[in-house]
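Chain naming follows the written order as A, B and C, and within any one chain the residues start at number 1.
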Amino acid sequence: MQGNEACVEGAIAAGMRFYAGYPITPSTEIAEQCALRLPQVGGRFIQMEDELASMAAVLGASATGVKAMTATSGPGFSLKQENIGYGCLAEIPCVVVDVQRSGPSTGLPTSPSQGDYMQARWGTHGDHPVIALSPSSVQETYRLIIRAFNLSEKYRTPVIFLMDEIVGHMREGVTLPRPDELIINKRHISYHDGANKQCYAVPEGKFVPAMKAFGQGERYNITGLAHDVSGFPTNNNAVAGALYTRLMEKIGRNLDDIVRVEEYMMDDADTAVVCFGGTARAVMSAVEQARAEGMKVGMFRPITVWPFPEAQLRARLPGLKRVLMVEHNYGQMLLEVQRVAAERLPVGFLGRIDGTVIPPADILNKLREMEGRENAQ
Amino acid sequence: MRYEMRFSGSGGQGVILASVIVAEAAVAAGLEAVQSQAYGPEARGGLCRAETILSREKIWYTKVIRPSFLLALTQDSLDKYAQNLAPDAMVMADAGLSLPACVDPARALMLPILATARDKVGKVMTANIVAVGAVNKALGLFDEAALTEGVRRHIPAGTEELNWKALAEGAALVTDEQAALFRRSL
Amino acid sequence: MPSELIHKYMRIDHLPHIWCPGCGNGIIMRDVAVALEELIDDPEVNVSREKTVIVSGIGCSSRAAGYMDFNSIHTTHGRAIAFATGIKFAHPELEVIVLTGDGDCSAIGGNHLIHAARRNIGLTVITFNNDIYGMTGGQYSPTTPTGDRATTAPYGNYDRPFDIAQLAAGAGASFTARGSAYHTRETTELIKQGILHKGFSLIDVFSVCPTYYGRKNHKGGAVEMLQWQRDNMVPASRYYAMSEEKRREKILVGILTHNEYPEYTQEYAKLLEKVQTGK
């Protein structure tokens, strides 16, 4: 099964029944597969006139109570950003898949890249929380897109599913879990008596308001303006400030629930290779080769790439002598790794932006070089 | 043991599908397989390359580093991808193409793949299936059940007979002596 | 004391509205409310308040959604029709009404307008067309007549304007009509017909903006601008009684196009049925 296909099958298993999109390489197979599969499960597929409309239609559909998804690549991800921000502020769950490609602009449309890491965090304007997940295999794509929907429903926020061409266009064997093995967060629609009542009020002990749905009993308002608990615009700075703070904290205070990493051979490692997404494949290979040469190397892979797994990396620092960041860009996650680790350890970097894939041999050479240079000093 | 295969030709010849079929046959046969491709933005014409990696163990790195097998259906693809082969690599190319000097002729099979598809199977677009038949016979990768399963998943209903014929004609292009020479065990 | 209509269909705790004195938008919003009230009260037709969703974009017009006591969503600039498409396609039983302006709908949102019209998806789009960007203080819009002044056309507008209703009709909208702030009874009737129409409908309603458009272009205040509509826009009943020569000087208040094309969500329902039953 192809990575893009696994994304669709996982999304359907998660309950996704609405897809709006616009064709763009290398994410197009996701739209094609949705067009084929969604009618079979009673879902709805629409090819919109552009990327902005796709994002808008997904938010509109989600506001009626349907789990909705769109997929795109770099240029389209840029176009979707304003409405992603709308989803953050109005707290409308949805999943936005970005199968990254080489950029900026049209760039190398069919070549792998991880250049949207920072765009995923800061693409839309203003301060806002972001959850972004990144799979490194076809099998993981299937399970992780389900988690993306679950987090989106739980925290009422768009979740970015940050794929890359390496995983999106790769085929490998996949074992599909039985439906009863999967945990799916259903959307619970709640109602108050009467209309327009505190629909953005947060119940005691929760961090988000209960979900509503248009046409299912209760009248209410959604707006992209700063709003009070009734869902209507406000110019009251204290109320607006409290809203923004709550939006940040609903993610910031639940990092234990949201953040996941994969660690490989880290327990006795003195060198951590940090990577995410498809890059992990070359890193795993390099780690095994380095171990065979006697180097104590492990892999630290954020699966939740936003929020960055700061606490998890920090916990590893005391045992480490050095960190190497490997990613298919000019140093984006590197900035996060440096922020966490650079005061205590040397942080090396291996990146690539020419549209080719970093081979394990380059990583191995970089590891030898880092270790050798220190030994020579 | 990691076995890297590269399938190349011109866009539209179906080399990506050939690579996918070999990968899926491998999964059907209980092996690990990873398949990927590189192509330009255009869907037709232009140099096209697909890769399949087979192994009995988990495959980490998903791209071909130095292929041990190359299929080339055009001169351009043969010239380009013959350059970086593993020392023991085997090359299969369409008859009539000229083998670059860097390839040992003793490790190359020049087979009339396109002509067989056109004249014996009757449809030039079955060349990729003919190639799959020839590849499997030469390398002795999978049993017939796994191979036909790989093909069956990717052909339109009603074209089964045509495709079984293409597989058989492809296999018939490789002699038993040649197969004994190139056989791979994973 | 607010009238009964306002009590019933407006969110009175969010009034008074933000519009300037003399603005035509309040009149048009009232027309929409009256049209909805009459349809909701009509036992012959199936329009309910709970199943009605009002969608708006950004701009003066788009504040109307928040004042109307229905399900409402105030979206991003230009994207109201695209959000509405998602809502309607996800739940076709909903009555989806888009309140938008000339800039929101035909400039930044022009692509969504023509494609929703092409699909003939069952939305009802009502444009509060005041020939100007009011919210940002009077810049020219795609409907500002050539030669008129705006803050971004200090020497007169050298763009050619759109006729939004003709634009939608040209893109395949099955129901298009023109109304005005002055002709409230006729406009209300056109909105009702647009809502009842199964496919995509657009009612382009000429509003008046005395603050930014009228004052800059010496068109007088609200009264003079409404008098202009009275004198130059003619309801269908009288319009078609006039000679062809006379008609050329006047603007029709009434239906421009009315066709029965297949509606998008109904066609999708057929597709779903076909795929699921295998027939």
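We take it that contacts are C-beta pairs under 8 Å (C-beta built on N, C-alpha and C of every residue); 3 or more make two chains touch, one makes a residue touch a chain.
The shown structure was predicted, so the numbers you read here are calculated from the model rather than taken from an experiment.
K.L.:
Comparing A-C against A-B, which pair counts more contacting C-beta pairs?
P.N.:
Of the two interfaces, A-B and A-C, more C-beta pairs touch across A-C.
K.L.:
What's the chain with its C-alpha centre farthest out from subunit B?
P.N.:
Between subunit B and the rest, the longest centre separation is with C.
K.L.:
Using the average of all C-alpha atoms in each chain as its centre, how far is it in Å between subunit B and subunit C?
P.N.:
60
K.L.:
What is the distance, in whole Å, between the centres of subunit A and subunit B, each centre taken as the mean of its C-alpha atoms?
P.N.:
From the centre of subunit A to the centre of subunit B is 36 Å.
K.L.:
Could you grab the centroid distance between subunit A and subunit C? Build each centroid from C-alpha atoms only and quote it in angstrom.
P.N.:
Centre-to-centre distance between subunit A and subunit C: 38 Å.
K.L.:
Please list all residues of subunit A that touch 2 or more other chains.
P.N.:
Counting only residues that touch two or more other chains, subunit A contributes none.
K.L.:
Residues of subunit B touching 2+ other chains?
P.N.:
Residues of subunit B touching two or more partner chains: there are none.
K.L.:
Along subunit A, where are the residues that touch subunit C in the complex?
P.N.:
These residues of subunit A touch subunit C: 18, 20, 39-40, 42, 44, 46, 48-50, 52-54, 56-66, 68, 82-83, 86, 195-196, 214-215, 217, 219-225, 232-233.
K.L.:
State the interface residues of subunit C toward subunit A in the complex, per the touch definition above.
P.N.:
11, 14, 49-51, 53, 55, 65-66, 69-76, 78-79, 82-87, 89-91, 93-94, 111-112, 114-115, 268, 271-272, 275-276
K.L.:
Inside the complex, what are the residues of subunit B that reach subunit A?
P.N.:
That would be residues 20, 23-24, 27, 32-41, 59-63, 65 of subunit B.
K.L.:
Along subunit A, where are the residues that touch subunit B in the complex?
P.N.:
25, 109-111, 166, 169-173, 278, 281-282, 284-285, 288, 357, 359-361
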